[in-house]
Amino acid sequence: MRGNKSRWLNVLYFIMCVSCLAYFSTRLVFAGDPSGTVNYGADGSIERLGYSINFTWTLVAAFLIFTMQAGFAMLGGFLQAKNMLGYIAHCFIDGTLGAIVFWVVGFALMFGGSNAAPGLEKGNAFIGFSGFFLSSGSYDVETVMIWLFQMVFATKAVTIIAGAVAERMKFVPYLIYSTCVCGVIYPIYGHWIWGGGWLSSLPYGAGCVDFSGASVIHTVGGMLALTGAWFLGPRMNKFNPDGSSNAIPGHNINLVVLGTLFLAFGWFAFNAGSTLGATDLRISVIAANTFLGGAAGASIIIFASYIIFGYADIGLSCNGALAGLVGVTGACAYIPPWAAIAIGVLSGLIMWGTVIFVERKLKVDDPLGAVAVHGANGIWGMIAVGIFADGTYGGIRGCITGSMEQLKAQLIGALVAMAWGLCTGALLFWLLKITIGLRVSELVEYEGVDIHLHGSPCYPAQAELTSQLDTTEEE
Amino acid sequence: MRGNKSRWLNVLYFIMCVSCLAYFSTRLVFAGDPSGTVNYGADGSIERLGYSINFTWTLVAAFLIFTMQAGFAMLGGFLQAKNMLGYIAHCFIDGTLGAIVFWVVGFALMFGGSNAAPGLEKGNAFIGFSGFFLSSGSYDVETVMIWLFQMVFATKAVTIIAGAVAERMKFVPYLIYSTCVCGVIYPIYGHWIWGGGWLSSLPYGAGCVDFSGASVIHTVGGMLALTGAWFLGPRMNKFNPDGSSNAIPGHNINLVVLGTLFLAFGWFAFNAGSTLGATDLRISVIAANTFLGGAAGASIIIFASYIIFGYADIGLSCNGALAGLVGVTGACAYIPPWAAIAIGVLSGLIMWGTVIFVERKLKVDDPLGAVAVHGANGIWGMIAVGIFADGTYGGIRGCITGSMEQLKAQLIGALVAMAWGLCTGALLFWLLKITIGLRVSELVEYEGVDIHLHGSPCYPAQAELTSQLDTTEEE
Amino acid sequence: MRGNKSRWLNVLYFIMCVSCLAYFSTRLVFAGDPSGTVNYGADGSIERLGYSINFTWTLVAAFLIFTMQAGFAMLGGFLQAKNMLGYIAHCFIDGTLGAIVFWVVGFALMFGGSNAAPGLEKGNAFIGFSGFFLSSGSYDVETVMIWLFQMVFATKAVTIIAGAVAERMKFVPYLIYSTCVCGVIYPIYGHWIWGGGWLSSLPYGAGCVDFSGASVIHTVGGMLALTGAWFLGPRMNKFNPDGSSNAIPGHNINLVVLGTLFLAFGWFAFNAGSTLGATDLRISVIAANTFLGGAAGASIIIFASYIIFGYADIGLSCNGALAGLVGVTGACAYIPPWAAIAIGVLSGLIMWGTVIFVERKLKVDDPLGAVAVHGANGIWGMIAVGIFADGTYGGIRGCITGSMEQLKAQLIGALVAMAWGLCTGALLFWLLKITIGLRVSELVEYEGVDIHLHGSPCYPAQAELTSQLDTTEEE
Amino acid sequence: MKKIEAIIRPEKFDITKDAIEDQGYGGMSVSEIKGHGNQKGVSEIWRGKRYRVDLMPKIKIEIVVSDDAVEQVVQTIIATSQTGSIGDGKIFVSDISNAYRIRTGEQDDAAI
Amino acid sequence: MKKIEAIIRPEKFDITKDAIEDQGYGGMSVSEIKGHGNQKGVSEIWRGKRYRVDLMPKIKIEIVVSDDAVEQVVQTIIATSQTGSIGDGKIFVSDISNAYRIRTGEQDDAAI
Amino acid sequence: MKKIEAIIRPEKFDITKDAIEDQGYGGMSVSEIKGHGNQKGVSEIWRGKRYRVDLMPKIKIEIVVSDDAVEQVVQTIIATSQTGSIGDGKIFVSDISNAYRIRTGEQDDAAI
């Protein structure tokens, strides 16, 4: 009964995927001349050795970034135990199904035409269209390497939204939404900035610059999260009839702290890896700035919450750390360490302000603070490039060097990201809402999505009592 | 009273170990000319630089693979809380004691005669016999590096079995079994494939090829797991008198998802590191294939379980991801991405089929699904090489290029692995069963192995009530 | 009411920090000629390529070491659930605020005058004084890289002490203590050994040698932990009036095992990274020795506890693993594998002995065993260099080569570390005790520091009952 | 004095509690239990296998009131926590021979 | 009507529950408690130190039945959950003055 | 026989239990409950937001004793667990019509 309609939609969706895969696969088997093998060890030129160092660096960075998926899953400690499985299922699906979607279509839309690697020749300033399925020309070690690095980025962007729609979203709409974001929405904006698109060639400063995703990942992700949470509506009991809101405590702050630490760990590679090369020694400054930004964001919240509440609020401070990390993501390569700290401190405060703003003014319920952490700080991160870049790297010069040009480019980039995220998000969630519906029934929400959508509580009871439960097999 | 006999066996076992170590150690102190120092930084040749890049790559890969030990421990979320400590104790011991055993004897049996590094000269097609204790000739930076890389592989192989015998095995037999697998059973088969043994020089195709352990680790491990679970018998209440079986829910699915993510993380390094070199740029294709295989395995189970049950079963989907990862382990270097997806999808389905087969037909109780995930998919992974290898790497050509030769070599390799695993496993567990016994008493099983074998529950009660418990010191 | 005084102290402390930062920041903005950009990819010399390999190695090592912060946090499974948040808050703050403190002052005191990188010119044999804020001259990719690597070391050292003072310390004194250790106490001793200070040029053997921190991190940290635990006094109910002590079980041994595994993972990078270069191929021996030491420490405790208690005590065995890792930290580069095992076995036993000694003789309550694991084994690790170094690396020759010189230098280093740790620790904790007080009130201790200092339990109740709790917003 | 033990659905606890408090009976003790009456249980899945859970979580509220208040409290509980489907729960009433308030040592009705 | 409170070993809960149900008394409420009677507790170790746990986990079953069924239920429980060693538990029987079924509002014996 | 149900502060459980045992009443059953009497609850914060928790954790001790021991046990509990501030708890006494020791099948006072 429950979810029967969605079940068939799922079947449909699944058959569609499979047949589309099958069609292409057959074509691929017979694709000519796969060029997937290069070994630079045998041949001794310095260029090739330098190339393989950079190659390895990017690959290792991709591996390390992957641990962020675990970090995101751990943030679920902020949620109620009865919905935990639903949230980590979303994270898990974003990371697995998302990889396949990005392989099929996302990568081609994003990097086609960028000429970043073999097989990515076709594309224009608005969209790319080569590299689908990593087939024929793009079945090359370099292209595959870049795909892997970009894939872990893309799946992170999708996962941001999982936190905002947690505890109340239906399963099939989430699948569809996740596919669309990873396959279309994220890659198109990404193309504009990183794939050789129009934003990167704005006539101000060095064009719109986003070192490792302040706008591409965080602003777009945060805006999608906002629309998602908006269309879904608040969780049961979140807002009182008089408009005031209630705290809905999570179940495991320890897990949140660990998740934040693993995210910070991945973030090192996330930012430093974005040079795509280890011979670019700026990586040390990038890594140090990344961490200082996060540390500053965390520290300011510790102090602020202690002064305001008399308690050092660790959960909020974890959000502060993430806010700081998001805040320096765009600028980390272009700034000196002291600027990273300044950005981090402001990020922490912006995060807290936005949490209050979203809840009190917008009346939107964002359980994990995705809008505050990623959305608001993504925008701030873009602006920060225009302010703090000191001109020592890549020639990017912000206000502190006396030039306002770069700031203009950054503001345009940030505004376009906001507009893109809000518009596509609104369209997508509105379509889903009027067709199959977004939200689980009240009963499901009351009893938790875990047992209703995933068939089992996340933490099946194991006390003396229930381990004795008479369990009988059926069908 | 309880376990007094085993205690003395343990003492005996311990004294044996110590005296054997002491004997060799004294010899080692006086071993001549340790050659353990090389620094390639000072001398500037390109070959040496290339060498140190590859050296570092393999070492870093070994570090990352080590996190899989934590991943395996987390899979214990599938078990009942009362036996959790018993399982993670096994994982922990496999990783620590196993390293020592592999240092003493396993490495020498596996790589002696391979000439892969200094000090590994002696050995024949069936067994190696040099490199014990990494002493004299094998105390060399290169040999030690390979040892470290192989050690993390070996300890993973042993840990596979821990999942199948969980919740009911005695402690001392586990110690003995773990020592034997890590010291003898695994290395000997490994020698045949990787140590220059007879399987690698079969006269079909390129000889039996196993890129990073589909047969060596997963098939052998899975078969040992099957014999172990068979000889131990099912857990209490698993099967009803009428032959039907019951579900025994675990205690923490969140932990399982995290474990799967950490395993996937380690798997990147596991497979890509197996090139033993970063100048071999195929590493990017390997890493991408690895992940796509896992992603496909996870996704197919999400869809299938949703269609069949109306629930997206996340626990099973984690198993699907692992199945996909195991499935591509053998072939990851030789195939294009689309083939990795095909292999992953089939792996997921094979896993589910095997879970049902093992439980319904064999009536064997395998709590973590080690047989289905590792055993069945290890075999499938070997066969997949023979089917999907596209000839772009190492000259390995599978059926899709029109040649059946490689498939023959792979089938022989897989069959030998099965036979080896089943025979040695049966012998070992049978010997243990008739001598000291394999299984804990019924009372211990009822109350959980944690308090009986390890003296403490894994999660000592901490609610308001029990933190007030009057605890008094004794002896 | 509660903590109002501390709150204002905190405000004061905060204002002080901010104004000091602001003062310097303004100076920094106008600092001339930042030299923070170098790209060795474009220029093809072998030296530069070799340099960038080593650069990358150290940076990646720093990333991996960072996961130890998560590992330390997980050790909190040894504590009571009601104080878990307090402990992980300490770990989290050590890692974030500590980074900022080390950036402001610690790094300059430690490496000023070492000339290890640009901008570190000023300093003498006792203290360094250049490199504050990584500003002007020290805003260089190499200096920043070394800062990052040393920063993760420093924050680990501070975190050691968190375990000894857990479950009963006030928040503001912890902040102050953490700042002092990270900013002054640790860097000064570190300068003596690693920053070109007097201990490294002792006239015995090769001077006092500490490969990756047996004395700098572990001995000093362990001694500070001892003084901290001493001045705080034991936890409520720890000791009975008759002097006997009670066990206070923790809440999650699984978490402890995972933490130990993540610490071991980080330790690979911790020790092998200390070469600061991957072209120094000794890294493989270092990594292997590191792990063998830990494995030996864990195994010996498994056997010993099984023989003594009839139980394999996994919690204690995790401590054994850490003890082994600490024990080989000083010597890992200079010894052959068999010596690592010998050191590890002894470390495990020393750890257990010290646990008993600290509790029974000193009557000090050290909840996580920081003194036993880090303090005692740090000292043993220093001595081990003098005993087991075999002369194959760096020319360090211990007793087994027949020379007693090195042992003298090591003993001096260890004694100085003890004296420094005990004296500064006693001074610091005594000052804190007589001014703002160290210890929470009895009520807070009874009900747990989590709800009193951090405003929330670490695991907010989530059973069916409490998720229904009527939660109403206030203020 | 009587003790009223009401076993109700967890999802009804909130409004039931509020309703009781609105009538001025502040004191209550609440605990989690599992149980079944005529209820059949629900099915869950574990790694691809369906199984039946036949004890359902419930909330037990215990309120001690003076004899004349019993009826009112019982009717309030029935009114607020009834859904009309199986699993709604039971209320049991029993005698209490004495009550004490620990804080003051008061006895009997004064103590409730 | 009487309430039967049986405090039994957790490991006997399964068969006791089945035995009671076989006799047709479906309704019951179950909770976890800790307790001790003449039982001495067990020893556990914590990081190399032995300590004593003196409250043992037990299961409390509460069943309300009509007066004439009491003896049968009590004997069933004793028969199924007796092991003969210390720690087997206790059964207490007390009066219930009234019972209500929330779903229908029925009272007394009809409600059980 | 009477059943004494004492609802006390968790932090007083330890000494209360010891005091009762010192007087020779070994058997007891203990469980965790939540409740409120005249107590107002405490405030916690969740990610920068204060909220009120109005059911406080308590420990419920159930002891069945023979009629003449009731007063002594009740007074012991009051003496040891009184702090004088709100939240100290309540004690309820009720009749038990029969008791059985499962191990031996003994009945009535012999079974306690």
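Per-chain numbering from 1; labels A, B, C, D, E and F assigned in written order.
By our rule, a contact is a pair of C-beta atoms (placed from the backbone, for glycine too) under 8 Å apart; a residue touches a chain by one contact, two chains touch by 3 or more.
Keep in mind it's a predicted model, so treat the numbers as computed, not measured.
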- Query: Hey, how far apart are chain B and chain C in touch steps, shortest way?
  - Reply: 1
- Item | Count of contact steps on the shortest path from chain A to chain C | 1
- Task: Calculate how many whole Å lie between the centre of chain A and the centre of chain E, each centre taken as the average of the chain's C-alpha atoms.
- Result: 52
- Any idea how many Å lie between the Cα centroids of chain C and chain F? 46
- Where does chain A touch two or more other chains at once, residue-wise? 46, 49, 53, 60, 245-250, 309, 311, 313, 315, 455-456, 460, 465, 469-473
- For chain D, jot down the residues that touch at least 2 other chains. 11, 30-32, 34, 44-46, 49-51, 55, 94-95
- In the complex, the residues of chain D that touch chain B are 44-51
- Touching chain E in the complex, chain B uses residues 446-447, 451, 455-457, 460, 465-466, 469-475
- Item | Complex contacts: residues of chain E adjacent to chain F | 2, 6-8, 31-38, 55, 58, 60, 74, 77-78, 81-95
- Query: Contact residues on chain C for chain A in the complex?
  - Reply: 2-4, 7, 10-11, 14, 21, 24-25, 28-29, 34-41, 44-46, 48-49, 52-53, 55-56, 59-60, 62-63, 66-67, 69-70, 73-74, 76, 84-85, 88-89, 91-93, 95-97, 99-100, 103, 133-135, 139, 141-142, 144-145, 147-148, 151, 171, 255, 453-456, 458-460, 462, 467, 471-473
- Task: Spell out the residues on chain C that touch chain E in their complex, using ranges where they run on.
- Result: 78, 245-250, 305, 309, 311, 313, 315-316, 319, 352, 355-356, 369
